[in-house]
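Next up: some structures, all given as C-alpha cells.
Same chain, two partners: chain A is paired with chain B first, then with chain C.
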Partner chain A sequence: MVTNFACLQTTLHNFVLFFTITFLVQFKTHSYLCFIKILKSSVTLFTMETEQKSIRALKCEQSVLSRADGSVMFSQGNTVVMASVYGPLEAKIQKELSDRMYVEVNYKPKTGMPGVAERGKEKLIKTTCNHIILTNLHPRTAVCITIQEMQDGGTLLSASINAVCLALLDSGLPLQCLVAAVTCLVDKKDKIILDPCIRTVKEGYKAMFTFAFDSQKYNLILSHCEGQVPYQLFQEAMELCQKASHIIFDFYRQAVLRKFSKELL
Partner chain B sequence: MAEKSFSTHVNQIYLPGDSVVLSKTDENSNAKIVLGPGLRKYGKQILVTKPGILRTKSSPPTYWIDCHHRRYVPARGDDVIGVVTNKVGESYKVYIGSSEEASLSSIAFPGATKKNKPNIQIGDLVFAKLLIASADMEPELVCVNSLGENVGLGVLSTNGFLFTVPLHHIRKLLNPECTLLKSLGKALPFEIAVGMNGKIWIKAKSVKQTITLARAISMSEHMNKEEMNQLCKKFIDRQAGF
Partner chain C sequence: MKETPLSICEKQCVIQAVKEGQRVDGRSLAEQRKTCITFGTEWGCCQVLLGNTRVMAQVSCTIQVPKSSRANEGMLFINVEMSTMAAEHFEAGRLGQQGIEVNRLVERCIKDSRCIDLESLCILVEEQAWEIRVDIHVLNHEGNLIDAATLAALGALCHFRRPDVTLDGREVIVHQLDERDPVPLTILHYPLTLSFALFDQGKIYALDPTNLEERSADGKLVLGLNAYRELCTLQISGDGVFIRKEAVLSCANVAASRAVEMVEMLKKCLAADAAERIKGKYDGLVSSVALEAERITTQSQATAYFKTPVHNLEENADEESLSVPKTKLVKDQGIVTLETKSDVSSSESDIEMEPLPPASVVKKRVYEEIDIGNDSEEEPVMLITKELT
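Our next item is the complex of A and B:
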C-alpha cells in the first residue's frame, strides 16, 4: 500500500511537470509574449500540496527592453506585467531632493488612461520602493519606474511589486533588501485562498489582502487590505503569505543565478 | 541565505540584503579591509547592496560585487567618452551618460592657455578623465595629467564611429586577460577609445571594416573566451571574402 502510494505520488508529480511543460510550449507558440528565456521556479514542488497553500507558477525574462537600465517581463500564473527602471537620471528642479533620490512610479493600464485605482497602486509601489532602494547614495537624482500591465489574471498589485523588484535587481541600483509581495483572499466560507486567480476574485470575497515582506528577516513592509474579517483571520492570512514569500525570494535568486551563469565559472 | 552567513563564498551569487563573512585570515589580520562596489558596512555586518558575484583580492584585502549595469555613475579617475553639448563661458558641458552633465574647462587640454584654446564645436566627442566625481557635485573632466602633459586624451576625430555597450561589457574588454581586441586588431588594424561609461569610439581603414568591428565587439557581450575566438575568426573570414 505504501509503495503504491509513493508510486502514485511520483506519477502525480510527473504529471504536474508534464502539464507545466506543455503549458509553457503552448504559451510560447500561441501568445504574442514570446518568452526566450523561461525561468521555471521551484513552484512545482509546492503544487503537490493543496492548491490553496501554493502560489502560481512564476516566470520572468530579464533585460527585455534595449534602452531601459533595468527591465523585466514577469508573469505569475496568468498575470503578466512588464516593469522597467530608468536611473539615476537628472531630476526636474521641482522634484529634486537635496539628500536623496526621487522615486517616480508610473503604472500604465492595459487600455486607456491611468485613473484613481492606478494612482493608488503607484503610491503603494512608490512607498515600497522608497523603503528598499538606498536613496541616500544618489542625491539630487531621480529614478523612473514604469509598470505596464499586460494581462490581468488577478493579484496585479503583488505581481507589479515583484516585477519592480526584479527590474531593480536587473538595473543594479543599490538596494537595502529585496521585497516579495503575496496576495490572498478570504472567501465567503471564511477559507483563505493564497494567490487567487481572476475567476476566484470575481466569485466574490469577504476580504483581500496584499502583503509585502523584506528578504532579511521577512518583516512586513506593506499591507493593503480590502474588506472586513476578524483579526484572527487577518493574522492567519499574513502568516500564510509570509511563508509563501520564501518561494518568491528563491525565484529571485534563481533568476539572478541564471543571468550570471556565464560568469560564475 | 542562512548557510551563507557561516563561510565566505567567493565567486558566488549574492543578492541585496545578504551578509558577507570575511575569510578567517582576513578577519584575524590587522590590515585594513577595503569594501568595493556593492558592499556596505552596517554595524558589525557587511551587507550586499547589488546583485552579483563576490570577488576578492589580497594586499590590501579587498572585497567587491561584480554587477551588471547599464547606467553610468561617475567615479574619480575613470576615462570616459562624452559628447560636447554646450559651451558656458570658459568651459564646455559634456554628456557622459550620467545623471548630470560633466564640465570640461577649455584650459584642461595639453598646451592650452587662456589665449590659445582648443578648437571644439558642439557635437564633438572628447575622451577625457574624471577629475571630480562626487554624488553631491557636478563631475569635472580633464584631458591632461597633473603635470599638464598629453596622455592620449582629447578630441576624437569625426570620421570614427561611436556606440554604446553595457558597463560590465566594458570591464570585460579592458580586462588584461581579454584577447578580443588584440585578435581583432591582428586582422583588421583599427583605432579604439574605450570609455568606462559604456561608450566605445572606433575607427578602421574603411567604413565597412569599422561597422564589422563595432558589430563584433557588441555581439561578444555574453560570450566567454572560446566563443570570442570563434567570433573573431568568423568575422575576419567574412571580411576576407570567404
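Our next item is the complex of A and C:
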C-alpha cells in the first residue's frame, strides 16, 4: 500500500484533534467481496436491522437551471444541495494555466458570508474535481463550479461532491471517471453509522469520515476525517463507505439514463 | 465572464412582438409567469420560482445591541447574494450594479415600508434586541429578479420563527426550539413588488419581463404594493424614458390586483406548509426536487426559451397530413384510426381550428392508407374511414 500525502493539515481545536488528509494520489484498498444487490429501480438498498447500513434516499433533477451549462438539484435524505457548472470558460489572466484547465469552486452557505469552514469544503471539492475532470484537454480555460447549500440534513460535504459529479455529467465536460462520496460517523458507543442524518450528527460523535471513490476501480480519491478513533475503525468505516458508493454509482447511471431516454418514463 | 451580448435581431424581435401585443413566451402583456413557492425544513427558508427565475431566501436571527438612535427596536438586515450559478456574468461575493439595485429595492419594499414590527424584537432597551437577517440567494437569472427576490424574502419572513426568550430580572434566557414553541415575527402588512418593462418610450408596458425582454426594453417601472392596494415603493429606471402619468396609474391598478392575488397565494402556501408540518415526516425542499419519473429533463430546458403558439402547430400538421377539417383519434389495440366526419359545418371538434374549405387534396386522400413510421412495436396504421363529399 503506497500512500502519498499531498497535503496534511493538523489543527488543534477545542482539545479535539481534527485532521484532514487529502489523498491526491489514489491508493488501493483491500480487495473484498461486494455484497450489493443492484435492484431495478429502488435506490435505498441493503438495509440491515441492527445498524443503519444503508444510505438515505437519493433524488436528483438535472438541468434545473436554464443558464448554467450543467446543473443539478440533488437530495440525499433531507440534505438538499444545488450545483451548477459553467465551462470551459475564458480564464482570467491571473488564473490561467498554460497546460490545463483551472477549476474554480464556490461553496455558498445558506446564511451569512462564506467563512473558513466553507473555504475548507471548497478546497476538498476542488482537489476531487481536479482529479476527475480531464483538465489537460482544455488548457488556458476555466471551469466554474458553484454549490449552493439548500437544506442541511447532515452530510453536506458528501452530498456536495455527489451533486458536483452529477452537474459535471450534465454539463458534458470530459471526465476521467465519476466520483461518489459517502459519509459515516463513529458514535460514542464505537458503532459505525453510515450516512447519518442531522439528528445523529448533533447527538455527538467520536469521529466523522467522508470518503470519495472513483467509478473505475472504486479506489479512494478523497478522505476527510475529524475526531479520534483507532485505525481499525477507520479501515472498517472506509470499507463500508466503499460498498455504499456502489449505490451512488448505480444512481448516477439511472439519472443519466433518465435524462437521455424518453422511453423509460 | 462577460454576459452573452444581445443581438440586434433578438432585440428587434422582442420589440416588434410587444408592439403587436405579443410576447416571446406566449403571454399577454399583463400576464405573469407561473409562480411557485416552496419552503424548507428549517424555519424561514423559502424558494420562489417565477417562470425559470429561481430565488431562495433564508432568514436567521441573532441577539445584538440595538442602535443607540433606535434603542427600543430590533434590526432587519437584507443581503442579496448573486453567484455565478445564476448567470455567467455574476461574480461570487461581489454585487454588481444589478445586484445593488435588487438589494436596495428589496430593502425599500420590505424594510422601509415597515412591514415587520421591529419594536416587538426588542428584548432589553439599549441592551439586547434581535437582529433579523435575510439572505437572498439568486439561483437562476431569467429576468425579473426584483419581484422574485421580494416574494422570497417576504415568504421567508412569514415562515420564520425565532426562539422564545424570557427575562429573569435583567438576565435573558433564550429557549431552544425544542424547549418552547418558537415565535413568529409580527408582520403588519405584506408588501410585494411588481415590475413592468417599458417599451416604445413608455407607451407599452409588459408585466414580469423575462431576461430577454428586460435587456431589450427602454426602461423599467417597479411598483411595491401590499394586499391593501397601498403603494409603498415606486421606481422608474432607464435611459431617458418618459412615461405618462395615466400609464403609471394604470400600471399601479394592474399591479395592485396582482399583488392581492400573490399575497393570497403566499398565505395559501404557508397554510399548506403548516398543515404538512403537523402531519410529521416533513422533508421540505426534497419534495421540490422532481420525482425521477416526473420530468424529462432534456425537454424542460428546450421548451423554456421559445414557445410557439399551440394552435398554429396543430393547423399546420393537419393541413399537411390530412387536410380534413374534422378529425378524431380513436385508439384500438395498437391501431390508431383517424375517423373523419363528412359534415364540415358542425363544430364539435376537440381541437380548435378554422374550418378549411374542402379542397381537391381532400378528395385524393380518401380511402388512402397511410403508414406512419412510428417507433412503437405494433406499427400503427392510419386509416381514413369515411368518404368526404
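Just so we're on the same page, the second predicted complex is superposed on the first by the 213 of 265 C-alpha atoms of A that agree within 3 Å, B and C clash if a C-alpha of one lies under 4 Å from a C-alpha of the other, contacts with A are read in each partner's own complex, and residues count from 1 in each chain.
As a working rule, a residue touches a chain if its C-beta (ideal position, glycine included) is under 8 Å from a C-beta of that chain, and two chains touch if they have at least 3 such contacts.
Being a predicted model, the structure only gives us computed values, none of them experimental.
In the superposed model, A:84 lies in contact with chain C only, and not with chain B. Once chain A of one complex is fitted onto chain A of the other, the partner contacts of A:220 are absent, as it touches neither chain B nor chain C.
Legend: residue contacts after superposition of the two complexes on their common chain; A:65 is shown touching chain C, with no touch to chain B.
In the superposition on chain A, A:151 contacts chain C only, with no contact to chain B. In the overlay built on the shared chain, the residue A:75 is in contact with chain C alone; chain B does not reach it.
In the superposed model, A:256 lies in contact with chain B only, and not with chain C.
Touch criterion met: A:108 reaches chain C, while chain B stays clear of it. In the overlay built on the shared chain, the residue A:117 is in contact with neither chain B nor chain C. On chain A, the patch touched by chain B and the patch touched by chain C overlap at residues 68, 86, 89-90, 259-260, 262, 265. Residues 1, 40-42, 45, 47, 52, 54, 56, 58, 60, 81, 83-88, 92-93, 133, 135, 137, 139-142, 283-286, 288-293, 295-301, 304-305 of chain C are the ones that touch chain A when the two sit in their complex. Put simply, chain A touches chain C in their complex at residues 59-68, 71, 73-75, 77-78, 80, 82, 84, 86, 89-90, 106, 108, 110-114, 144, 146, 148, 150-153, 254, 258-260, 262, 265.
Listing the residues of chain B that touch chain A in their complex gives 1, 11-13, 15-17, 38, 40, 47, 49-53, 66-71, 73, 98-100, 135-136, 222, 224. Listing the residues of chain A that touch chain B in their complex gives 68-70, 86-91, 132, 134, 137-142, 169-178, 214-216, 252-253, 256-257, 259-260, 262-265.
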